[in-house]
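Below are structures written as structure tokens.
You will see chain A twice below: alongside chain B first, and alongside chain C after that.
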Partner chain A sequence: MGIILSLAAVILLFSAGTLITILIEPMLSTTDEEGPASNSPKNNIYPVHPDSWLYNAAPAVALASMAAASVVIPIDKSLAGADIGIGLFYFIVIIDYMVLAVALGGWGSNVPESIESCYRIIAQLVAYVVPLGLAVIGPIMMAKSMSTQNIISSQSSLWYIVSQPLGFALYIITGLMQVYRAPFLEPFSNILNNGIISTYGGWRGKLWRISLSGILFIVAAMGAVLFLGGWSGPLLPGFVWMAIKTFAVLILMKWIGQRMKLLSTARMLELSWKILIPAGLLNVLIVGGLILMGVGGK
Partner chain B sequence: MILTWYSVTGLIILAAFGFILLIYAFSRKQKEWILNSSKWNNFRFSFITFALIFLSFDMEMIFMYPWAVVFADIGMKAFLDMLVFIAILSSGIAYSWGMGGLNWE
Partner chain C sequence: MNLGEAAQIFAFGVFAFISIAGALGMTTTMSMFRSGIFLMASFIGVAGLFILLMADLLGMLQIMMYIGGMLVMILFMVLFSNDPGGDMMASMKMPFLERFFSSGLLPQKKIHRDSHSHHNSRNNNNQADKDEGMNMGMDMSMFTSLKPYAAWIGLTVTIVFVLLFLLFPDWPVKNFIPDQDSSHRIGMLLMGKYMMAFEGAGLMILLGIYGAIYLARPGKHPDSKDRNDPSSINEEPPQAAEDPIEPFYNINLKELYEKSEDEK
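== the complex of A and B ==
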């Protein structure tokens, strides 16, 4: 019974969050390039020579990975889908199935722009995974746990955004790469005819819109959990604080992204391996030094 | 306990697939075709060296997670261990950078 209730709560709250994200995202965009948030064709289109299984499986994989990742995000003190012991690790692994989904869709539809989009999506994965992993190691070190609830409760005295500003900056940048928003929207750019979005019409196109907005919401929510103390806060109930912090991170991500120049996939890879990964390794050492000096760690 | 956690995960994945099947049932009528010929052979990808370096680094990164959980309890010894580990990783990046591996072909 408890399982069904928490499941219903997770589905309801994260669907609501995704809908709000879909509604507010156009208001935060200032450029013509909308990337993953652009509208799919209205007609029910279908490519002539698809790999039908891959083409149809892609939206399913995308939505399933979104749903599975949302399970470990705590909404309130006692409300989370499942407080898995290796929660954070589970999260960063399972959310990468989104890349698999977009790659399947691009390859399966067999349209030149989509295949190009598939290759660039995989290149983007190569760029973001390692710095993202290094950024989330900081909170794990200070919380001494990978469970998301433990990470929140260990921030009761000091939010990790204060003790690990470099980690937070890394998380925001790699998070933008992960959700394909500006300035990292190359695989969904206008030159590629919006990538896979242009080959899915009607309801299937709407499904992509849900998944691609859902990933933005979920990554912002995880940012709030890791660095802003999640549901903890005075006066208001926990889930209200969680919503406020999530949308604060989301708006910050969009705001920063809009103010940077669009990067090509090649530049993204260079940025990642020449700047972000050395910075991530440095962040691990800085956090380690802080813990040895008695900051943060219990 | 573990069974409870992962049953939630399994159930929510099932729910997602059920939702997708529902949507596919609604959109079975195909109206328009995208006219194209098969294009699978026309592309090459230009980040081969990045992909190879990524493969090794992603594997190394896994080792840092168990270390990070126990770090605060062990203290200085764990820090020095990780210093050696990070020095080796950084020399790997420096080597591939110097050999021109971090360039888009």
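== the complex of A and C ==
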């Protein structure tokens, strides 16, 4: 009974978080380019010549990816979907299904703009996946564990944002690439007619909207877990702290993203290879040195 | 049988089905993109089997490799050959399995035929006949003669494995609980006992990347002179037909202006 209650609480809290994200995201945007947050057509449209298996599978894969990845995010000291030993690695792997979903939808709908969106999102995957891994290695090194609850409890004395500011900056940038928001919204940009979003109408479009907003919410939540100490905090209950930190990271991500020039996919790859990967390697070296000096690591 | 065991058997059935059906779809579908996706599904089913055997890290590694790797592979495949097969093949005669795994590639409504049937001009009918003829040609070329042999070999191997399993059912099962912190254990092994192999693999990959970049950049000394030869020849465009109207850019505007001035 307790398990069912906590499961219901987890599902409710994540649904509420996604809905709040959908509501507040237009308020944070200052440009016309809304990218993945733009509205899909209201009527139930269907492409003329789709690969119907892939086209219909895509929104389901996207929603399943978002839901399965949110399992390992701890909301409170005793409230989490599952606390598995390789939690963080699981999160990084499962969230890549979103790219698969966009590729399926883009190829399946068989419209030139959406196929272009499919190509560009795969190139974006190549751009972000290595620096993202290098950014999250820092907390894993200091906590000596990949379990999300262990990472939070190892931050009881010092948050990792203090000891690893470079890692946090890398996580924010690669997180923006991962959720396809402001400077990195090439696959969903206006010149591609919003990519796959314009080919899905009705309830399928709403499924896309939920999963593309939910991924922003859970990536921000994972940022709060990794660098801001998750649910830990004085006076208020744990899940309130978690919500505050999550939305702080979310607003920071959107705020930084709105202030940058939009980058094309080629520029993203250039940024990744020339700046982010060297910075990530430097971050790993710095964290190793800090651990040897006795900061953070126990 | 308690609930846990039942769930385990159910999960095994689901993952085994995904991996076998994915492999079958990969070999029989007519669309290259679908073929790659089916292969990915098959590997993800195998990853599920790893997780059932409590090798969660191995399962996750398998998924990570095959989502990113397979998507990039499909991208290159499609960019180089532009998905032959696909919807063009879906309308031809096929055996049951190929028809099933290629279903849904067909257009929902036959728009071209409907629009053409309204104008019953000779030209359109000829075009439709030509299309059908081309499909027939494709029909013949798509069926590889080796496919039945491959299917028979696969079936034989499967039967041998099933027979082995039935004849020698006493497989050793160790009553052993795997290490919960398997990532730590694997990391220690990779950096301790198997360090030379691990670092050697890293060096090989680095050399591979270096070699690929070196081959891709334009060199000063190509190994063959033919490399510099153009692969296509610039052909002179054919002469334009005589045009009775004088081209616009040949008209001298100044002269025209002066003429009109004179007339005034």
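Here is the rule we use: the second predicted complex is superposed on the first by the 295 of 298 C-alpha atoms of A that agree within 3 Å, B and C clash if a C-alpha of one lies under 4 Å from a C-alpha of the other, contacts with A are read in each partner's own complex, and residues count from 1 in each chain.
The rule is short, and it goes like this: contacts are C-beta pairs under 8 Å (C-beta built on N, C-alpha and C of every residue); 3 or more make two chains touch, one makes a residue touch a chain.
Because the structure is a prediction, the values reported are computed rather than measured.
Contacts of A:T199 after superposition on the shared chain: chain B is touched, whereas chain C is not.
Of the two partner chains placed by the overlay, chain B and chain C both lie in contact with A:V126.
Touch criterion met: A:G81 reaches chain B, while chain C stays clear of it. Of the two partner chains, chain C is the only one touched by A:V99; chain B is not. Once the two complexes are laid over each other on the shared chain, residue contacts for A:T18 go to neither chain B nor chain C. By the touch criterion stated above, A:G288 is placed in contact with chain B alone, chain C being left untouched. When the two structures are aligned on the shared chain, A:M146 is found in touch with chain B and with chain C. Shared-chain residue A:S52: touches chain C; no touch with chain B.
When both complexes are aligned on chain A by C-alpha atoms, chain A residues 46, 48-49, 84-85, 89, 107, 119, 122-123, 126, 129, 146 touch chain B in the first and chain C in the second.
Of all residues in chain B, only 4-9, 11-13, 15-17, 19-20, 23-24, 26-27, 29-40, 42-43, 45-47, 50-51, 53-54, 57-58, 61, 64-65, 68-73, 75-76, 78-79, 82-83, 86, 89-90, 93, 97, 102-104 touch chain A in the complex they form. Those residues of chain C whose C-beta lies close enough to touch chain A in the complex are 31, 33-34, 37, 40, 56-57, 60, 63-64, 67-68, 71-72, 74-75, 78-79, 86-87, 103-105, 107-109, 111, 180-183. Every residue of chain A that touches chain C in the complex is listed here, in rising order: 46, 48-54, 84-86, 89-90, 92-94, 96-97, 99-100, 103-104, 107, 119, 122-123, 125-126, 129, 146. The touching residues of chain A, counted against chain B in their complex, run 3, 6-7, 10-11, 43-49, 56, 59-60, 63-64, 66-68, 70-71, 81-85, 89, 107, 109-112, 115-116, 119, 122-123, 126-127, 129-130, 133-134, 137, 140-142, 144-146, 199, 201-204, 206-207, 265-266, 269-270, 273-274, 277-278, 281, 284-285, 288-289, 291-292, 297-298.
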